[in-house]
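Next, two complexes with subunit A in common: one pairs it with subunit B, the other with subunit C.
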Partner chain A sequence: MKKIYAFESKCLGCGLCEVYCRAAHSKSKDIIKAHKRENITSAIVIEEILQPKAVSYFALQCRHCSDPKCIKACISGAMYKDEDGIVRNKKEKCVGCLSCVLVCPFGAVRKSADGKTVAKCDLCIDYGLPACVDNCPNEAIKLLDDKEAEALK
Partner chain B sequence: MSLDLLTPSFEVIRDENKCIQCKVCSRQCANLVHRYDEEDNIMKADEIHCVNCHRCVAMCPTKALKIRKYPLEFRENANWTESAIKEIYIQSQTGGVLLASMGNPQPFPIYWDKMLLNASQVTNPSIDPLREPMETKVMIGRKPQKLEYGKNGKLLTKIAPQVELEIPIMFSAMSYGSISRNAHESLARAASELGICYNTGEGGLNKDFYKYGNNTIVQLASGRFGVHKEYLNAGAAIEIKIGQGAKPGIGGHLPGAKVDEDVSATRMIPVGSDAISPAPHHDIYSIEDLRQLIFSLKETTAYKKPVFVKIAAVHNAAAIASGIARAGADAIVIDGFRGGTGAAPARIRDNVGIPIELALASIDQRLREEGIRNEVSLIAAGSIRNSADVVKAIALGADAVYIASAAVIALGCHMCHSCSTGKCNWGIATQIPELVKRLNPDIMYKRLVNLITAWNHEIQEILGGMGINAIDSLRGNRLMLRGIGLNEKELEILGIKHAGE
Partner chain C sequence: MKYLIIGNCAAGTSAAEAIRSKDKTGDITILSNESYPAYGRPLISYFLSGKVKPENMSYRDPSFYESRKISVLLNACAQKIDIKAKSVIADSGKKFDYDKLLIASGSVPFIPPIKNLANQKNVFSFLSYGDAQKIKEVINKDSKVIIAGGGLIGLKAAEGLFGKVRKITVVDLADRVMASVLDKPAADIIQNHIERNEIEFILNASITAVEGEQKVGRVVLSDSQELECDILIIAVGVRPNISLAKEAGIKTNKAIIVDKYMQTSQKDIYAAGDCVESVDLISNEHKILALWSNAVNQGETAGLNMAGVKHEAPTSFAMNAISFFGMQLISAGLICNTDYSYAFADSVANESKVRRLNIADDRLLGFVLINDFQRAGIYTDLINNNTKLSKLEYDIKSKDIGFNIYPRDIRKDKILGKKD
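Up next, the complex of A and B:
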């Protein structure tokens, strides 16, 4: 399956991926409305890595683990793996207990802004190409299968 | 600190209805113009630092930003203009030479725009380059007076080394140091893919780039940075830089801040030390001295590499070029006064040198008159902006052209004229790792390839229109040019007729 891979050497830490992620997961699908009227938590987050010489950035999002701890920890059955191997969260089942947030080894599941549910990457499966991949100005985020990712490492 | 008299040059206009406080602008501005005010939840701008590079405008996801000229009126005065006044404010504050970047921005005549091209009608058919072959390959180097063949038809004449260019365009000298490693890599990869050459500038050549050697021109300038035998043999040709169009008569200065470990190793100078190129080559005080250097380089490279000599277009360019040809150079590069630079004193950039169009025409004419035009190739540089400029340059007598400003614009340069600050927001003229990253060579080399490919298509179209099917048939073919709005003297120097003649 294809996953999102982030390339630290190319990441500028500009934060556009977060902006487009929020817009893609908004009701309006409009960047301005999504930010001004809807309170959305981005499923991708820029992590700052302090290196000896310079600040480096890394765009972190769900790794869609083969044996996801978040699914095991989920108390309401909201977290599930779909037939394509994508780990998803059914909002209507989620009770916001945040067990998944606690167990995720990557810190890739985040408490949503309203506190009622969680935000995590669904590869924009309902919208086409992931919004972060489509809009990264420096091609630092790519949608790749394991082989392609290995070749680029 | 006393009162600073300088006012902002640009105004940042932010549409609050569109701004979503995503802070992308503040993260992207190396000049620290934008900042987020948490208390009021708004973005603010410190406009005095804005250089109008458009990075924030291009990156803003909601297009909420506009940059305008700062709307502060000085009392109208055709003599004491705003820039004249501001320059005095700066100099009376700093006591220093005014630094500037890129090419001469003053409103001098642009002769490219005062020349028109010809096309075939009725009596000589035009050619469709999409259906018929069209040759744009050129060979740069010394050409023999005549060709001699043996009885079996075999060529007896020994041909001097040549550089083969698929398209008569090269990327001109920009040193690793003045531009970033990623910018350098983009130029090198694009040149390799296009079958043309890029130029190392005087900063030496990093070992990682030796693999692009067949498409590299290695430069040797007055500072002799990074010059050693292996370097001289690494490229397709060697260029001796005597002068540069943006700053004829003066040397170069790479600030120590730009000399990081990698640049230091490449230039063979200590980390953090200023790299100062003297104004003259201390071993060249005459044409005879130049000849010695040319032949030392030829000896070093076993006479396998053509040697170019680059000069700035100045008043006696034609006589100087004649001397260079006689000194044994294989090609002469003439850099006009609009040629760019990473840093030059503003007064020099704006007042010294002459237009490339006039220098090129007079040099080509002089070399023809002296019967030595075949001994050198001519390369024109100094603000070639598009394919029509290329065609006009070749019709005036150039074998090929060098482009650099156009190349960096393809890499994202917005001509903000702030290269000398070292804080290029587009990752071009900087060595700051966070900024260099912004120029992804995987993306940018393709933009360069696209640009040159597009120009090549246009060159072929223009040639076809003239009924010419090889760029060689256009070289020095000044009948294909007509002047418009030029006086007798200008037409005489350019060697062209006026439109309608």
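Up next, the complex of A and C:
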């Protein structure tokens, strides 16, 4: 399956991916309205790597694990893997207990701003190309299939 | 091949799913002693409060069972396992043959000896959807509710009842709430927060007797205090439901003894979930780890092995994610009776924000996070992998944890999905 991969050497840490992630998961699909009127949590974490003389960054989101701990820990049946292998969260079933946050080894599931559910990457399934990939100004986030990802190893 | 599963909760459901993933044609039958399809058991407090509606209680969609040809028999209580005949007899008298059997019978509430408790109509447990429904039916805004037990179940019952009754009193024998999970400082923070919501605690005391004919009107405590009572909820703990296994001659200790493939002492009979003894990853002791994720993992392991695929159960350790009145508690590993090499309380921003890490011999052994939970799973993974902290990029006590804790090569391997 296709997953999102980040490239540290190219990431500027600008945070645009987070902005567009929020917009993609908003009702308005508008970056300003999503920010000002809709309280949406980005499903991306920007990691900062401190080096002796510099700082580098990369964007991290759900890895859609082959054997996802979050699904096994989910008490309500909200977290599931769809037919395409994408790990998704049914908002209407999620109670925000954070059992998934407790077990995600990447720290890639976050409590939503309203506290009622969790935010996690769904590869913008309802949006098209992942918004973070689509809007990264420096091609630091790419959507790659298994073969392309294998080449990175 | 005939697969029979006793129990329809986390372990039973995931076992059925695992069996079907490997065996497309075998018969899979689940016997449930409850009246409802599999539901998220921890959701019963959310149901009580009204936060979760009945239609969202189910753990899996009905299509989950249909599409996998898993037949679930409700109100079917297994009475006896006939090992020689390889069959299970239900309370209806009906006999179910099996080639492979899974016992995923979970726990039963522990009822402590309390004088005059028998045959009282207003006394409830709080372990099943049925319990929650019964309680919901009898409460009203004038009810004075007494909850015996200040553990996780008792406190969640208190939260579920909040705002729906006149008075809630929690009685516990220990000197603190959630005594099996938390030490005193962390427990005090949780208790103070719950008390702000007008729930009363009486600690270091137990209920010794109840007064009333058919209906408890008063309870008498070990310190001779007497309390008025309209509804009594007994939530002092659970015991593994192992009577079936015991009577069949399957080896048990505190719970059913299984090997790493979840097979019991009896060939072709497996057990999983809250009714078995697991190996604790941290202490290496055999103990009951009554955790949802552990039950799912063990159920899956049992299912795979029942279907002929050798698979070892993943190790586990205690962990909890729970909230009370908006205060979020996340804990894992060893917490009680340990010296904390690091504790952090952000008293400026919010006095109830706590992060405590239990570190020994260059390893993280456990943690308690209160209202400071983002990325907790990275800590959990450090425990799970027995990671040497000195090999990491920074001191985990020095700042908020992130995936940047790992050196570049490990980070890369993990992101690309290479095995550890």
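Some notes on this structure:
Going forward, the second predicted complex is superposed on the first by the 151 of 153 C-alpha atoms of A that agree within 3 Å, B and C clash if a C-alpha of one lies under 4 Å from a C-alpha of the other, contacts with A are read in each partner's own complex, and residues count from 1 in each chain.
Rule of thumb we're sticking to: contacts are C-beta pairs under 8 Å (C-beta built on N, C-alpha and C of every residue); 3 or more make two chains touch, one makes a residue touch a chain.
Everything numeric in this text was worked out from a predicted model, so none of it was measured.
Once both complexes are superposed on subunit A, the partners subunit B and subunit C fit side by side without clashing.
Superposing both complexes on chain A places the Cα centres of subunit B and subunit C at an angle of 160° as seen from the Cα centre of subunit A, in steps of 10.
When the shared chain is aligned, no partner comes close enough to touch A:L144: not subunit B, not subunit C.
Of the two partner chains placed around the shared chain by superposition, subunit C is the only one that A:I49 touches, whereas subunit B remains out of contact. By the document's definition of touching, of the two partners only subunit B reaches A:K36; subunit C does not. Using the contact criterion defined above for the overlaid structures, shared-chain residue A:E18 touches subunit B, although it does not reach subunit C. By the touch criterion defined above, A:I86 reaches neither subunit B nor subunit C. Shared-chain residue A:V109: touches subunit C; no touch with subunit B. Of the two partners subunit B and subunit C, it is C that touches the larger number of subunit A residues.
For the pair subunit B and subunit C, the least inter-chain C-alpha distance in the overlaid model is 14 Å. Contacts from subunit B toward subunit A in the complex involve residues 17-18, 20-24, 27-28, 59, 61-62, 432-434, 437-438, 440, 442-443.
Remark: subunit A residues 5-6, 8, 45, 47-50, 60, 63, 65-66, 69, 72-73, 75-77, 92-93, 95-107, 109-111, 115, 149, 152-153 touch subunit C in the complex.
Within the complex, the subunit A residues that touch subunit B are 9-16, 18-20, 31-32, 35-36, 53-55, 135, 137-140.
Interface residues of subunit C, counted against subunit A in their complex, comprise 14, 40-43, 46, 51-52, 56, 58-60, 292-293, 296-297, 300, 319-323, 326, 328, 330, 332, 373-378, 380-381, 384, 393-394, 401-404, 408, 412, 414-418.
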